[in-house]
Amino acid sequence: MSIPAEPVANAPAFELSPATDAGHRAVTLAEKHAEQFLARAEEHDRDGTFPHENFAEMQRSGFMACTVAAEFGGIGLDSLHDMMVAMNRLARGDASTAIAANMHLAGAAVIGRLLRRARAEGDAGAAAVIEDLLSRVGSGSTVMCYPTTERGTDLTSPMTTATPVDGGYLVNGRKIFGTISPAADLFFPSVRVPKDDGGYLTATAAIPREADGLQVEDNWDALGMRASGSNDITFTDCFVPKDMLFAVRDNYARAGQGFADFALTANLPLISTFLGIAEAARDHALHATTKRKGPKKKALGDRIPIQQLVAEIEIDLAVCRAMVERVGRIADEFLKRYATTDAPSAEGNALMKETQCMKYVVNRKAIEVVDRAMTVTGGGAYMGRHPLARLYRDSRAGPFMQPYAPYEALEYIGKVTLGMDPTVDR
Amino acid sequence: MSIPAEPVANAPAFELSPATDAGHRAVTLAEKHAEQFLARAEEHDRDGTFPHENFAEMQRSGFMACTVAAEFGGIGLDSLHDMMVAMNRLARGDASTAIAANMHLAGAAVIGRLLRRARAEGDAGAAAVIEDLLSRVGSGSTVMCYPTTERGTDLTSPMTTATPVDGGYLVNGRKIFGTISPAADLFFPSVRVPKDDGGYLTATAAIPREADGLQVEDNWDALGMRASGSNDITFTDCFVPKDMLFAVRDNYARAGQGFADFALTANLPLISTFLGIAEAARDHALHATTKRKGPKKKALGDRIPIQQLVAEIEIDLAVCRAMVERVGRIADEFLKRYATTDAPSAEGNALMKETQCMKYVVNRKAIEVVDRAMTVTGGGAYMGRHPLARLYRDSRAGPFMQPYAPYEALEYIGKVTLGMDPTVDR
Amino acid sequence: MSIPAEPVANAPAFELSPATDAGHRAVTLAEKHAEQFLARAEEHDRDGTFPHENFAEMQRSGFMACTVAAEFGGIGLDSLHDMMVAMNRLARGDASTAIAANMHLAGAAVIGRLLRRARAEGDAGAAAVIEDLLSRVGSGSTVMCYPTTERGTDLTSPMTTATPVDGGYLVNGRKIFGTISPAADLFFPSVRVPKDDGGYLTATAAIPREADGLQVEDNWDALGMRASGSNDITFTDCFVPKDMLFAVRDNYARAGQGFADFALTANLPLISTFLGIAEAARDHALHATTKRKGPKKKALGDRIPIQQLVAEIEIDLAVCRAMVERVGRIADEFLKRYATTDAPSAEGNALMKETQCMKYVVNRKAIEVVDRAMTVTGGGAYMGRHPLARLYRDSRAGPFMQPYAPYEALEYIGKVTLGMDPTVDR
Amino acid sequence: MSIPAEPVANAPAFELSPATDAGHRAVTLAEKHAEQFLARAEEHDRDGTFPHENFAEMQRSGFMACTVAAEFGGIGLDSLHDMMVAMNRLARGDASTAIAANMHLAGAAVIGRLLRRARAEGDAGAAAVIEDLLSRVGSGSTVMCYPTTERGTDLTSPMTTATPVDGGYLVNGRKIFGTISPAADLFFPSVRVPKDDGGYLTATAAIPREADGLQVEDNWDALGMRASGSNDITFTDCFVPKDMLFAVRDNYARAGQGFADFALTANLPLISTFLGIAEAARDHALHATTKRKGPKKKALGDRIPIQQLVAEIEIDLAVCRAMVERVGRIADEFLKRYATTDAPSAEGNALMKETQCMKYVVNRKAIEVVDRAMTVTGGGAYMGRHPLARLYRDSRAGPFMQPYAPYEALEYIGKVTLGMDPTVDR
């Protein structure tokens, strides 16, 4: 048999690698965590339980503070590219944990950017509030959840409403897909704030778990990503003090100013988790190629059709890695260029377009890679407890993820390419 | 809103329709059963339980005897095409039940063909044994299971062995994917029989459930088709009397003489169940198009991209229906031509090639239709109890089904097309 | 080497076959013609010349009258399915000739239907005019051209205008893609006729080649289908007597009543020509598999990846044949049901939807089959005079063909499926 | 109408950009040349003539010496990534010219690497010979052609033979696809040199155009790339002095040591020309979106299905750019690491694998982008003189290009991924 026990051991794998020191530290931690999480993934998937122990370990290791600046006790990872690499590694172990962790880490990164902006604008009050928040995240005492999705509307048009009252706002509404909610101490729902003219502003409210009127359901029971704790969260007359409303913008129902900024930080690492799923599936497929089936007991890997299936997987991984790497680098340049200001809409849309190109490809390729890995592996992959059965279900989450369904992404990408107003007709 | 409550109500749907009277009766029953099974599908899927009540109802209605001749109390369905239509309908309700019922019904059809042959050859002894069997199936007192799959080998080369002993054989071996096993009274494992020259004959043994040494495991826990009861079945020194060994052929490890005959009857209706899955998914998608999402509350069905997704589903269904119908008709002609003899290998392979073309397409299209139906439906389809989540898992079973993995099917089809020996190199 | 000189010689090929006697006669003629046309195809393709000798031969053999009733000297082929089979065979020799012949033959079939209707409605005057026409076609003295396409509009909305004048109409306009124009004696442009209310009726005018104001350009110089003579045709104040205006309908700009009727007869056989292209490409690929390349001089056909490519071709052909056969049969039933009346819109649209499903698939699969056949053949297929180079260019014509671009077909199919008004938004 | 005349004028296009100063100079020249070549492309394509004037202009501008070091009068471009960008730009104007120029430029780059190696190894004699060559290329007086392809064998196993004779070798053989041959002054056929043990060495011979026995045919008449002058070249007892045989290696019929080195330099920029074809097609599609078609005269670009087609093009371009950029960067690191030595086989194969992943994707995507651009444009794109008709034919050349057919590439990629000997079984 010509297949060595350890495939391509001595040759470069061309996997993604971090570009910064902080990125290197985060990725190293992610790889260690992934190994441990993998051992628990099947059980949490089967039972639909939230892997609290995974988060405890990430708190202890400092990984949950990796996007927090060093001044607040974090690792200071500020490259989105490197964050994508870290999430990619984490997802190889357990994709549910990765997307849950990302919710928190992206939140921390966004808040860090708000601080930079508040400081640049000389807004000491806002800066102090944020610094306090970041200290709590940096010390590991606070886990954040950023629920933005609601039934029957889209990201640009939240229906959860923050109604102005004396000293603050009363928040009412229901969020779905509240990933990481079982572990969260602090929730940041996107909200709309009524304007005098009948329209709305958009904003983000900060509400502690113990707030009156905040209810985290225990209703996450999905096809996949079953350990992500993506429960519904309801807000009933939740009081939010005035200074706990952030990122107030006059862009309701528009994919304009400020949209790219938030969506990038939140979504790019989410997309790279699906590359992690694909890479995990590939490893299962390679592992299976040493098996011998059929009357001649030929090893799977010695059959040319299997080699071709492995190649198709490899090609798809090469496509995904190249796109993740390129968009990550471009996004880092963009975020540096607009570190303390909103980017012009045209530029934000151009980058969001490129991001959606990547999302469209990576989400689909991850599904296809898992499918091919199942074909390589054979009927065993259809067994309920086979890791590929979990990856098959997890991978299908990708195309549902915000801000666009695949057919909407095409409309958006086309409109931006044609220089048109990119608002999707829905 | 321009979408009527009942889509295309007055126009022909071009779905498959039976060509014979017996087929019409079977299809009518299948449609009624499917409606009831649908209501139970979610629960059995979730719990992985076998739907004994479905089988009791099919016994009562006579559907479980539909492929048995009228002389034995059956419906006398002898068109493979119409059998495909019936399975297509049953699968719309519950694909697990359909593939389990098919195992039994195809078995009855094959036995019916053995009887025709025994009579044509004037083998009164064999005929009497088979007539007894068919009477029991026709009266509804016997459910059959035909386990053929084993780990590490293929259909042409069973490793379960029937060793000649005084008055019969001792059967030893383990079958996997023993669909319908929880309800079966009589098992027909494919076996090999040692020859004096060191080679093997192939055959099929009949073993009652209560036989010593027969053990039906309770270990079916798969990604999908969870209610099909596809447990492992072990045979340990199971005694089989001489006249309970059928279809003895000298074709071990060869896809030749006799192979197509059995594989057709067993596999064609299995393939059309996946069209049923796709049609069920399509109905869920159409249902979802009346929902209104997004800031403008436009109905999904009024959006051109959704119309296009619906069209892609419709095109795939049109492809699958045309292939199922054409192959069904060709297979019926073939089976009539070779009603009492084996077909020449070249002709059997040509038809098996055409069948594999259909299987390749229908299995894949079913997966794609479900995928698109999920996209049309949106995030709700990712919830664990949504019917599309079940169909997503069920549909993936298709490419694993016998006798060829997709990449093997390509090799087989190519070899037959090129006029070569079609044995797959494995 | 294991590949026989004559692949699959003794096994059924499952190619399309005619269902009627007249169909059998037409298909037999088409097969003979195809063989001769193949020998001339390269030269006409290279030079962009019209194959007048092909048409002379088809006149002599009676093939050019195959859709004319026996009472007028024709073959009496009235099954659309069989017409599709005949065009499929003709296209294997030269697709340009096939689509040109189809223009004429479909015209004769449509006129035959007009006669049946005129007789049923007791319109003796109209019947006499049509009988005269059919006699001329039946005797081989008249070739017809049905130009319907114009720049910047669609089939339902011709801009060529027949303005009422004393005793008839003056026709003005420009048609493009006037296939078969170099050989045509009689032209039937679709026209609009101004109504008093400012709207239009649609109709078809009959204009002899020698009419004043009719000009056939010599400007057909396309990527493929270069021998089809699809020149522009201009009409400048062409006088058309009153009784030479046919099929007057009040359906301008609507894909409703009467649309399916015409489009079916004209388009279905057009679609099956692309299956003929694919089958011709397949034969070139099979032929190439006996070549030996590479250091080991292994025959191409002995390589499993080549077998798989051949299989992918075979699968695509199986898909196309099944769709062509099924839609042909359904269309024949439809045309019989509505032999002398317009079909209800819902039913016409349902069939047109099924037709567009077929067109979408067959046009695309033909391109893919040619592409794979080139891959099997290797670099030689890229030489300018290789038949596959011609098929590569010819096959791309399909998706441009009326009445819908592929993306419009999806919109149309989706709308019909959803029970909506199927007018494409353009 | 909402589409601006100049699409996305103010937003970043994310096209490839050079990373070095020399690269920047070369790319700037390539862009200027491309503009001029575009104007001549149709005529040369139609007539199959070689664009001598394009090469005269590239000689004058210094572009034909861009891969020659500054010490010999060249631009000193030594980044393969940047060379890929330059070829990408050139191909936007005329792909035939680009692949012809690449043959020469890659040759110069390979010779430059030979010089670096000769100097590192202290081989003054070899260095002097190469320096003379580079001076002639740098001064614009010499155009080189590197014919490597032969009928019935592969790149690793040339059958053109250099038989040792007194003072040198006699070369005999026939090369095909001798791109740039009409303009070449100096030919570098790959050859085999008989060894005493009956095997062969491989090498490259340098033979001036005027050598006795060298014959450049005038037989290039292909489907596409018609202006590339890829004629056959025959060598009949061509005498080659001893010091005009380069890169002698003992690797006949093996894809090992030294293979990647040459193939990279020659093939990577070739692949990026197909991205240039795709980008040119995209521009034609965008241009067409301002047209108004159909009864409502809606602009194409205002139709969502057209926006989606544009998006699919954009996504494919994003995929290709990311892959070209990533592989270019990795290749530059590799070539730097092994500037004066052969790379270890495992590492060379790993990079070649990644390159083949890119080639597989870019070649196929270019074809698909052109296809979609034709669909967006409509029937006009099918006219013989439409630029997209040329791109449709040019783009199909990609998958035929060395060293692997697409199905062989899959086998190679799979074998390398599985850690196996990557020799393709042919």
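Order of writing sets the chain letters: A, B, C and D. Residues in each chain are counted from 1.
Rule of thumb we're sticking to: a contact is a pair of C-beta atoms (placed from the backbone, for glycine too) under 8 Å apart; a residue touches a chain by one contact, two chains touch by 3 or more.
The shown structure was predicted, so the numbers you read here are calculated from the model rather than taken from an experiment.
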{"item": "Labels of chains that are neighbours to subunit B and to subunit C", "value": "A, D"}
{"item": "Cα superposition of subunit C on its sequence copy subunit D - rotation in ° rounded to nearest 5", "value": "180"}
{"item": "Classification of the subunit A:subunit B interface as same or different, half of numbers criterion", "value": "same"}
{"item": "Intercentroid distance (Cα basis), subunit B paired with subunit A, Å", "value": "41"}
{"item": "Between subunit D and subunit B, distance of the C-alpha-averaged centres to the nearest whole Å", "value": "52"}
{"item": "For subunit C, residues contacting two or more additional chains", "value": "304-306, 308-309, 407, 410-411, 425"}
{"item": "Complex contact set, residues of subunit B against subunit D", "value": "304-305, 308"}
{"item": "Contacting residues of subunit A [partner subunit B, same complex]", "value": "48, 149, 152-154, 156-157, 176-177, 221-224, 226, 253, 292-298, 303, 305-306, 308-309, 367, 371, 374-375, 378-379, 382-386, 389, 392-393, 396-397, 399-400, 405-408, 410-411, 424-426"}
{"item": "For the subunit B and subunit C complex, residues of the former touching the latter", "value": "2-4, 6-14, 286, 289, 301, 304, 306-312, 314-315, 318-319, 321-323, 325-327, 330, 346-347, 349-351, 353-354, 357-358, 360-361, 407, 409-421, 425"}
